[in-house]
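Across the two complexes that follow, chain A remains constant while its partner is chain B and subsequently chain C.
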Partner chain A sequence: MRKYTPKDNVQAKSYYTDRFWVAPRVPKEAVEEGTHFEKVVAALGAQVKEAYIQVGQLVMHIEATENFQVIKILKEQCGYTQCSEQSAVDYLAKEGEFELFYQLLNINEAKRVRVVCRIKKDEAIESIVPLFKSANFAEREMFDMFGIKVNNHPFLKRIIMPDDWEGHPLLKTYPLQGDEFASWYEVDKIFGKEYRNIIGPENRDPARIDRYDTKRFSRIGYEVPFGADISGGETEQPIEYSETFMVNYNKSSKQLDERK
Partner chain B sequence: MAQHQVNYASSAGLPIALTSVDKLVNWGRSNSLWPLTYGLACCAIEMMASGASRYDFDRMGTIFRASPRQADVMILAGTLSKKHSEFARRLYDQMTEPKWVISMGSCANTGGMFNTYATVQGVDRIVPVDIYLPGCAPRPETLQYALMMLQKKIRKESADMKKNKKQNLRLV
Partner chain C sequence: MQQPNKLTPFFENLNFERDDNTMVINFGPQHPSAHGQLRLVLELDGELVTKAYPDIGYLHRGIEKMAENMTYNEFLPTTDRLDYIASTSNNYAYAHAVEKLLGIEAPRRAQVIRTMLLEINRIISHLFFLATHALDVGAMSVFLYAFREREFAMDLMEDYCGARLTHSAVRIGGVPLDLPAGWTEKLAMYIEKMPEAIKMYEDLLTENRIWKMRLENVGVISGEDALNWGCTGVMLRGSGIKYDIRKEEPYELYSELDFDIPVSDRCDSYGRYRLYMEEMKESVKILKQLIPMYFETEPQLMAHAPQYISAPKEEIMTQNYALMQHFVLVTQGMRPPKGEVYAPTESPKGELGFYIKSEGEPYAYRLKCRAPSFFHTGLLQEILVGTYIADVVTIIGTTNIVFGEVDR
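Moving on, here comes the complex of A and B:
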């Protein structure tokens, strides 16, 4: 039998890290004059803190307080009529901030713009639902996953996790394993906390084999009755070949012996 | 069912078959297993294929019912998220006794590859499971086999459900 190695915390660490590896960066290009993007940056004026082009898309950094006005101008004056995506990135550990982004699409020009702003941990952001209906679910998801509050949102409620869930799972600080609330959620909710002892902790290793569990596992060549206690070791059972009681189809088969 | 050769001349021309109540009841139960129309994830696609004309569950007396009140079998086909576990348990509670559960596929059995905070790590944490069906996803033949194994299990049981050693420890 293959030796069992515990895989309880396999998500937490990587097997191999290259000390000299540098994450590749997408090059930033300047906004060229006479292009569509230059007009977009000009229309926004001083509200743009930084603007550059990455992979053919315009990226603009703005103040978080001005997000509604900026996106309104982009929608009404620059023809960006679709908000295809809106979410956040957790940079709390590194920079103490969230990075929020709005991905906008201009169908007539076939151009995309990303509006980026930064907020601190307990700050809220203005909703852009009056401009884009598609931002409704996106902002709810951002609230669900990061806990970022959105001002003037029509229905700010968790969208993916249950309403009574504790914590915001896309934060870098959210534990992948060992969170007490998450690991007992279904038991607490359905049966109550007193049933934790009866049901037991959840086993997150689907390949785990309990050597002494004779109800769910058996060992070839060492079969014991169902549910027997084998903590003291089990005796070897002779393997019974089918040719001893059936027609001998394969006389020379000793594969079972070798496998054992 | 034990059928006995009957001499019609001596039994007033009546066709008679002798059996026990257990066998008669279990024959009825095992050949009219009505599962709940309830799919959770991709395994449900295989479950639907099993119910459709090519694999044809109907010929085994297995007809999907849209209401838990009319169903005897719950096939938990797919990943059960923790958010949904409450509702799965409620559907199970709404089913009338006797009832059985088939846990279909790796995700339902153990959580499968969804080794995450949001997935129930095995549906036996919330409902008592009779048949664990491995596979990702199990083919319709496999689900049919699981159902046949469940029929076999039911035929071995007592018709009086109180006498059966069903693991109802987790029932409230």
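Moving on, here comes the complex of A and C:
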């Protein structure tokens, strides 16, 4: 029977996990009174669903529809003037959702906040480019990698993958070696669809060597004409060494100068 | 959809208004000043750039995807390929993020060695910047001199870890090797020579008329814009904002070291060039303090956390349980706790941070590399507009982007 592999998450998985293994958790600390983070949470009020401190940074879970207002308040009232990073995490397989995060930095206090929200598969998110121009590239990358649409983005287009690419590479459903489309992409582009049979799908294993390839690899010990078909086996020939190998040309027997 | 061929190239559906006398040109990706694989589509009105569109992705290797399919230790050598000019900074940024996730700290000697390597890498990277930037602008000789000193620094790295570019010199939880015998003496010799070398570059460039004409008031970024576009590192400090993660959110030994953060409020390429020179001097200062610190430390190199990190070799060879744990860690990989972490570090290019989402598996559920160059490339679409075509090369040079980390 063929081994069962889940289709909704084709990434590498641990081949063995102990039955009684319970993963520990990174500790979440409560936001303490009188700290800078407490003021931040207070400024946002009811818009924060959950707030805690993890590894020294404030994490706030909010409603995805309120992302623009929340980040606007953070920028204008709490001094978070830089958006360091913005991206998503794919939880489609488990929960049917994407988790989006915005990593913000307050230069004056040297504090960092992560705003986290969740959207369903076909939902879009509001762009924060009017607030932070750095989100321009970040949101385009998120769109490229996950296919998450961003409303009111000035130029939402693929950024890293080619424009005519199909599929979104960082989804958990996308295999590491690329999908069917990826294996024909360059063949179709360079040679055309009609050459598919002649060239074959692209192999993305960089260490792969075709044993019967007589065009790109020489075969030591076997004299094979260029491009010959050797799939039926080839005859071994003794290795011949060059007669002129390791000849000391400095001690020439020729007399170059006639005066000598 | 266009039908692109050799005569009508594919301009990716850019909506350029061509009713006036403008011209669209394609800069790169095979351009010697494109710093790797940058393709810029520029709309020119005479020699004035009226629109700029940076097109990236020519070096995309899916490093974030690879991170989801590799165990934490397996992925570390891949981080070398991000910013390949200063690989140890990437190794360190990654190891630092994973250590934050695990909640462990490297032993003191490892911290000293790491800080040394980071600062050597900063010098290597800044010298590379200086060399290529000067070459782009037209000062050929600086390139040769800067590469000479960079070569010595790379020799130091080679003596330590055996590699010149892809170092992988940092491990999660410490460093793999102690410094070889006589290494600190070589380093001391190097940092003694370095100020003279820096003085020579400054003599060649700082008051050079051509250099000043090419750099002054070119690529002006206001402080507000720099923040807005996500500029970090020298790009931010060159716009008058004093923010260095080594000082503000110190990691490793930076809180104990005495060094200054140079700032420039010129906001132009010349100011940034001056900052790079000053930062090299600061790195030399840091290295000078680190050498005596090294000799005061205990010889332990890797953190003691048997659940996550293999025991030292002699323990593995003598104790059965250490061997078993090592076997599990090698075959299955470490399983960090469930949770997420974002750990920023100050790489030579700016803020290099790793966001890691762990689900308690040996594979990271999501790893996002916050690369400074990615955001500096995004900035190009704004600062190139209104400059002259001759300054485009200067501005690309001054952003100091490396395409390994832009495309990832």
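What we mean here is this: the second predicted complex is superposed on the first by the 176 of 260 C-alpha atoms of A that agree within 3 Å, B and C clash if a C-alpha of one lies under 4 Å from a C-alpha of the other, contacts with A are read in each partner's own complex, and residues count from 1 in each chain.
Methods note: a residue touches a chain if its C-beta (ideal position, glycine included) is under 8 Å from a C-beta of that chain, and two chains touch if they have at least 3 such contacts.
Just so it is clear, the structure is predicted and the values come from calculations on it, not from any experiment.
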Touching partner for A:161 - first (chain B), second (chain C), both, neither: both
Which of chain B and chain C A:89 touches, first, second, both or neither: second
First, second, both or neither for A:81, with chain B first and chain C second: second
Touched partner set for A:169, first chain B, second chain C, both or neither: both
Which superposed partner A:110 touches (first chain B, second chain C, both, neither): second
Chain C versus chain B, contacts on chain A by residue: C
Which of chain B and chain C A:69 touches, first, second, both or neither: neither
Contacts of A:191 with chain B and chain C, given as first, second, both or neither: first
Partner chain in contact with A:179 - chain B first, chain C second, else both or neither: first
Residues of chain A contacting chain B in one complex and chain C in the other: 11, 160-162, 169, 174, 176
Touching residues on chain C, where the partner in the complex is chain A: 12-13, 56-57, 60, 62, 64-66, 68-70, 100-101, 103, 225, 227-230, 232, 241, 243, 248-249, 332-333, 335, 337-344, 351, 353, 355, 357-363, 365-366, 368, 370, 374-375, 377-378, 382, 407-408
Partner chain C, residues of chain A touching it in the complex: 11-16, 21, 23-28, 54-55, 57, 59, 81-85, 87, 89-90, 101, 103, 107, 110, 112, 114, 132-134, 136-138, 141, 145, 159-163, 169-170, 174, 176
Footprint of chain B on chain A - complex, ascending: 11, 160-162, 165, 169, 174-177, 179, 182-183, 185-187, 189-191, 195, 198-199, 202-206
Complex interface listing, chain B residues touching chain A: 82-83, 85-86, 89, 106, 110-113, 115-118, 120-122, 125-126, 169-170, 172
